[in-house]
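Note that chain A is present in both complexes that follow, paired respectively with chain B and with chain C.
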Partner chain A sequence: MTDIILDVKGLYKHFGSTCANKNVDFSLKKGEVRGLAGENGSGKSTLLSQISGICRKDAGEMILNGEPYDPHSPLQAANHKIGIVVQELGVLSTLPAGVNVFAGRLSQFTRFGIINMSALYQEAEKQFKKWGLMPVPLKKTCGNMQIETRKMIELARALSIDPDLLILDEVTQSLSQNNRDMLYQLIEYLKAAGKTIVIITHDLEEMIRLCDNITVLRDGEVVGTKACDGLEPDELKRMMVGREVSCAYYREDWVPDYEDEIVLKAEELSVSGEIEAVSFNVHRGEILGFCGLSDSGIHTVGKAVYGLAPSMKGRVVLSKKSLEIKNAGTALCNGMAYVPKDRDGEALMMQDSIVNNFVFPSTTSLKGRLSFLNPRKLRTVAEKGIADFQIKCSGVNQRMDGLSGGNKQKVNLGRWLIKDLDVLILDCPTRGVDVGVKAYIYQLMRQAKAQGLAILLISDELPEIIGMSDRVIIMKDGRINGEFERGDDFIQEKLIEVMV
Partner chain B sequence: MKKERFELNKLTPFVSLIVMLLVFTVLTKGSMISPYNISMLIDQSVVLIIACCGTIFVSAQGRVDLSVGVNCAFSAVIGDLAYRATGSSLIMIVTALLVGVGIGLVNGMLISRFKVPSFMATLAILIGLRGIVNYIQSIASVNYASDVIMMLSDNQIKLPLLILIVVVFWYLFEYTSLGRYCKAIGENEVVAYSVGMPVGRSKIVAYALSGLTAAISCIFLIARLGGTSTTMGTFFEMKVMTAIYVGGVLVRGGSTAKMYKAILGAFIVMIIENGLKIMGYASSEVSEFVQGLLLMVILFLTVFFELRRQKVKKTAGQEA
Partner chain C sequence: MSRRFFGGSHKECVGCNVTIKNNINRGESWKQWFFLFLILLLIAAVCYLFDFCFDGKFLTKSNLTVLISHAIIPAFVAWGLCFIFACEFTDMSIGAVIVIAANVSGMLGSAFGYPGIILGGIGTGMLLIAFNFFIFVKTNIPSWIAGIGLAMIYEALAVLYSNKVTQSGGTIAQLDNSLRLLAKPPYIYLVFFLGFIAAYLIYNRTQVGLNIRALGSGLKVSADLGIDIKKTLLYVGLICGFFVGCSAFLNESYNARMTAKTGLTSLAMIFQPMAALMLAQVLQSRINIIVGIPICSLLVYSIFNMLTIAGVPSGTWQEAILGFIVILFGVIAQRNTKGVVK
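For the complex of A and B:
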């Protein structure tokens, strides 16, 4: 037997008039960790979708372990021992976590049409233990769980089939540092066991560190495959974009730079079970970073500041008007903006048009006489936004779910930045976007900072926090565990030390 | 960049309306579009159109208001009682409208404050109020409408009023933030909430508007029937919902909810009913069966075109 597990030859896939995969050749060795790099829309996810049976190929062939392979459902792929964790959230939110682990494969627990739930939960727990995953409440429904927890469930589902080929499509981005470390170990372990792993991540350094080889896609075609030894991220970027990427990524200054004026004060914020006695000030023109492990409560802080935690104790005060923010409505009308982590679920109306999404937070300020919302005016605002923020789309009436991740995020950010803001709360603003858009978002943040906005940057990615913030607050178990100013101490090791 | 696609699903209500009109014109050998019948048709549609104008706010949120029919009857009998007590038609109208809005507010409170699913909340109101209506009518004999109310059956007064009501509600629904909030709630309630929209208030206002139009339609209904009756408003809520869905609004609401769809839908429902009546199937088993069948076909096509549009867009844009 050869040591090639999967061989893809001449794969084509069209979506309408768009060609998502063009003559793709791709082969994987046993025990190999392969990275797939490319900008948003370069066809990475499409390629993996076809391998894992989520969508079917138009032309070309796939050979798995020497035999022709053409799955028409993820279940069939699972039978061939191919497991996938998809980029978009892939759990059934109304079912308990344990059932989600075995979704579609419940027959093993079924006798006479009745599912033996206790056996299922036991087996699910066993899977979590076996792979060393963060334990999750298996009997709770997934709907209210955090993204990270849901990703764990998906990971357990993919691993429970004991896969020979595991596909991880942008998994690390939703995870915090401790779970990332867990995942890295898991990858090492699987690799040692001779399993093959395919990874997509926008964090190129991470990809180079983890992978043996990286295949770069551009516009649906394979540009080339490189061995990771000695590969520089810049070279990878060049291959992805097809030209030199020269934009400044993070901030280059190493001193804190903000005005003395306090814009927003948070006093003793507590949300039971999530955060406790969190107090801080944000100044004009400051980027205040928040980081911490999962369960540290950083995401809840963002929600609480924007008035989205009804059971919160403590006060959030806008200093200029000495106004207390009690609900999101007050926040919205007083120059605050909130960009949630779960873009598709909490921020954008996926089935609605770009224009409706774009003008949504500005509805009150666009009102004319008799609260008239002039459709033409709304359209102009959205068209200007599309031009200003370089959003790639077919027009303002295109539906949101037709846009790529990066463009969705541009709509999501742009619609707030057109407003006259004082405070901007960003929860993982670069989650699931490629290098180009990421750089663009950082540029927007720098502009906003220069205009004097106070920015709360909540992020799971330490390099991002270090690269952008003036001050960083580190949280642990819902409490503030440390605070750093931009300067010599601003390095990953020191921050992690306080996080754990 | 792709050209913006012309959207077929926007046309479905127009097409259904025209096809239904043609089919029944042929089947009734032309009497469908006789001037007399057209004026009859419009006359019959008035009540339904008015009720649709308010209920669309609820439908846009992806919710239902099953209490429209009973609200109509309840406002009528209470208004009637007020008329008997005072002898003033004005007081009767005001009472009826207040009662209608009141019931709407109760619905809205149940749904937004106490998180009762709209189907259950309005179903409970439907059953409970129907009992009260029947009780009141069993002790107070059937009454006849006053002269002032009867003036509303005159087309010269009725139609301008109808147009006024439609214009006001159209404006509210399509060109103000209220309509936008309702649609946003239908699209994704979490998003509306996270952005900071007044979600709870919008729900209450939507149900209040639905109650208001139910009460307005009850006054027009009294004028048409010449008084209140025990069966007044039964199945009316179903007719209103049918009109809205047949017009092309999806049950999930959101941006698919459009005022023109509700109004066209009301006409489609009335054309089917009226056409079958002319053909001599009035209130027979055949009539209801055929109505059901036709509505099913139209609803199927509406959903089919909408889904196909989604599919085309989704696959075309997924990685683009």
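For the complex of A and C:
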């Protein structure tokens, strides 16, 4: 009996004139953990989408367990014991979490046409327990749940079929440290059980740590497959990009470097059930990091500071103007900007053009004397933004949903950086972007810091927090649990100790 | 490179050292029932107070009977609309469909008795609204635009029929008094009970019901999860048509006949069911929407009834007050939400 579970030969996939996958050969062994690396738009997600039935191949063949395999839906892939957690959010927001776990497979709970909901919820609960996933309220609809919770539901759905092949497309970047640890253990367990796992993550060190082998794609083609033993991230980056990539991701100084002037004060911020009495100051030119476990409330802090948290108590004051920020409108008009974690859902207008997305936060300053917006002026601003921020697109009128994750994030960040800001709130700014874009975002942050911008960096990635922050506030259960200043104590172990 | 991770080893469950709590909040349904009880208690208290203020004119047997019958008929339309709104579609032709279905129900009822009334109403409702959804799916026209077009066509068909029978010296389908029992107690309660069970089960406990609700999350995600979108939309038409058809035969039974509407006046026929549905939607975080619809329908008609008893002119003032109450409910339901709710 062969130990190959999936063999992909000569796979092609086109989207219009774009060739997303070109003659891809790819095989997976049973019990293997395989990484897929490549820049944004290199065709990784497309390849996995074809394996998991989200889209159909144009040419080539797939052999699963020795049999020809060509799924036309994720459901059919699931019937072949292939589970996927997709890069974008894939939950049905209008249905309860428990139903989402078995979406598309409800017939197992149906008798005479009626679904036994209590059996469904019990089985969903069993799945969460069985796989050790973070508990979620199973009877609540998913619409208002946080990204991490929704990812847990997707993970439960993929695992509920007891997959022989589990595909995880940029999952870890949506998870906080404790849930990442859980996922790492889960991967080890599945591997030990002879299951195959394919992982896409832009955290190359994580990928090397987790995987046995890594396949690199560039421009839709397989560049090569490398064993992870002894593999260095730089070598992987070189394969991905096709040239030498500088390692200078993060700051290289190890002392805090900011002015004494306080730009923003947060006093006793509380949001019911999420954060409690959170107070801090941010200084001019400072990057203040926030990190914590999944239920620590770090993401709520970002919303609260920008006036977006519902029923918030406490005060956020912009020191220069002694102005209290009570809503996002006041924040926007007074030199504040917020880049949320859920880029597609909360930040960008996905069905709209780049130009409209780019100029949207600046319309007040761009409007003419009679309050009309001059299309030529808007276009000029957007074109300059595209050039300045190196956004790869077909033009200012291209729709946002046609851009890769990294380019979407460049628009998302760039549209704020063209403004004259005092405070920039970044919630997981490098989520779902590749090494090149990541390095570029860090470079933009360093430039903004040098120009005196105060930055709140909220992140689930400790290396990012450690690499970029002057100070870091660690939260636990909605409260501040510790604070570190850049220096000797700024190491992962110490931060984790306070986080847990 | 080190392959050591944080956290402990696998023990009783696959996962790890996270604390596993009970995911299913079993208190939720208890809370829902308690809230329902509170709402009903509040309505009863208001009714009692009103009755006391207006010399016992409100809580009389005859008034309550009329009121409940009035509330049941639009509740069926609201249930139908509930399925359409769940998948984020809309159908503006429902009023016109009710007119046609009621007339078919009347015609078949006169010929075949009760089976004709029921099957005529339900069959026509299902056929026409399924056809509407077929048009929505096939033409890719936004449903509210296509719905208005279809409403005009259905209104015209009803008028053509009406003109034809009038010109030939007859009258439009009219049910004999002996065939109007379905809209009278206790039969109307039985119809309501069966309709309620059907709506509740389909919406909450069937695969097709969940698929319809899933479409409201986005068509792509739904398709990725194996839901056949076109087929599901046709089911929406059939299910909505069933409830609209029930409303049509109840209307026909209650009024004996239904005249044709012109100039899109049929649209107004769904405003009051829509008000009940909107109230139920704002309460749905506390009460299941299918349960909420008849309660809200009763509430809407109670308000109209009270206003009539209080001598408030019908039409303008009554509807202004209803509008105010809908907004008030919305404010109460969204009081913890910051920002704008679409």
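Rule of thumb we're sticking to: the second predicted complex is superposed on the first by the 498 of 500 C-alpha atoms of A that agree within 3 Å, B and C clash if a C-alpha of one lies under 4 Å from a C-alpha of the other, contacts with A are read in each partner's own complex, and residues count from 1 in each chain.
Please note the rule applied: contacts are C-beta pairs under 8 Å (C-beta built on N, C-alpha and C of every residue); 3 or more make two chains touch, one makes a residue touch a chain.
Nothing here was measured: the structure is a model prediction, and the numbers come from that model.
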- Classify the contacts of A:L166 with the two partner chains as first (chain B alone), second (chain C alone), both, or neither. neither
- Message: Going by the contact rule set out at the top, does A:I418 touch chain B (first), chain C (second), both, or neither?
- Response: neither
- Message: Is A:A347 touching anything from chain B or chain C once the two structures are fitted on A? First, second, both or neither.
- Response: first
- Task: Please work out whether A:I114 is in contact with chain B alone, chain C alone, both, or neither, and reply first, second, both or neither.
- Result: second
- Message: With both complexes superposed on chain A, which partner does A:M145 reach: first (chain B), second (chain C), both or neither?
- Response: neither
- Query: In the superposed arrangement, which partner chain does A:K129 touch: chain B (first), chain C (second), both, or neither?
  - Reply: second
- Classify the contacts of A:F372 with the two partner chains as first (chain B alone), second (chain C alone), both, or neither. first
- Does the superposition put A:I496 against chain B (first), chain C (second), both, or neither? second
- Figure out whether A:L308 sits in contact with chain B (first) or chain C (second), or with both, or with neither. both
- Message: Let me check the overlay on chain A: which residues of chain A are in contact with chain B and also with chain C?
- Response: 308
- Item | Complex contacts: residues of chain A adjacent to chain C | 54, 73-76, 78, 86, 89-95, 98-99, 103-107, 110, 113-115, 117, 121-122, 124-125, 128-140, 143, 177-179, 181-182, 184-186, 188-189, 208-209, 228-231, 308-312, 496
- Note on the structure: Counting only contacts in the complex, chain C reaches chain A at residues 1-3, 5-10, 13-16, 18, 20-25, 28, 86, 201, 204-207, 210, 213-214, 216-218, 221-227, 336-339
- Mind pulling up the chain A residues that touch chain B in the complex? 15-18, 20, 41, 43, 45-46, 306-308, 327-333, 338, 340, 345-353, 356, 360-361, 363-364, 367, 370-375, 392-395, 397-399, 401-404
- Note on the structure: Given the complex, residues on chain B that touch chain A span 1-4, 171, 175-178, 180-181, 183-184, 187-188, 190-191, 193-198, 254-255, 310, 312-320
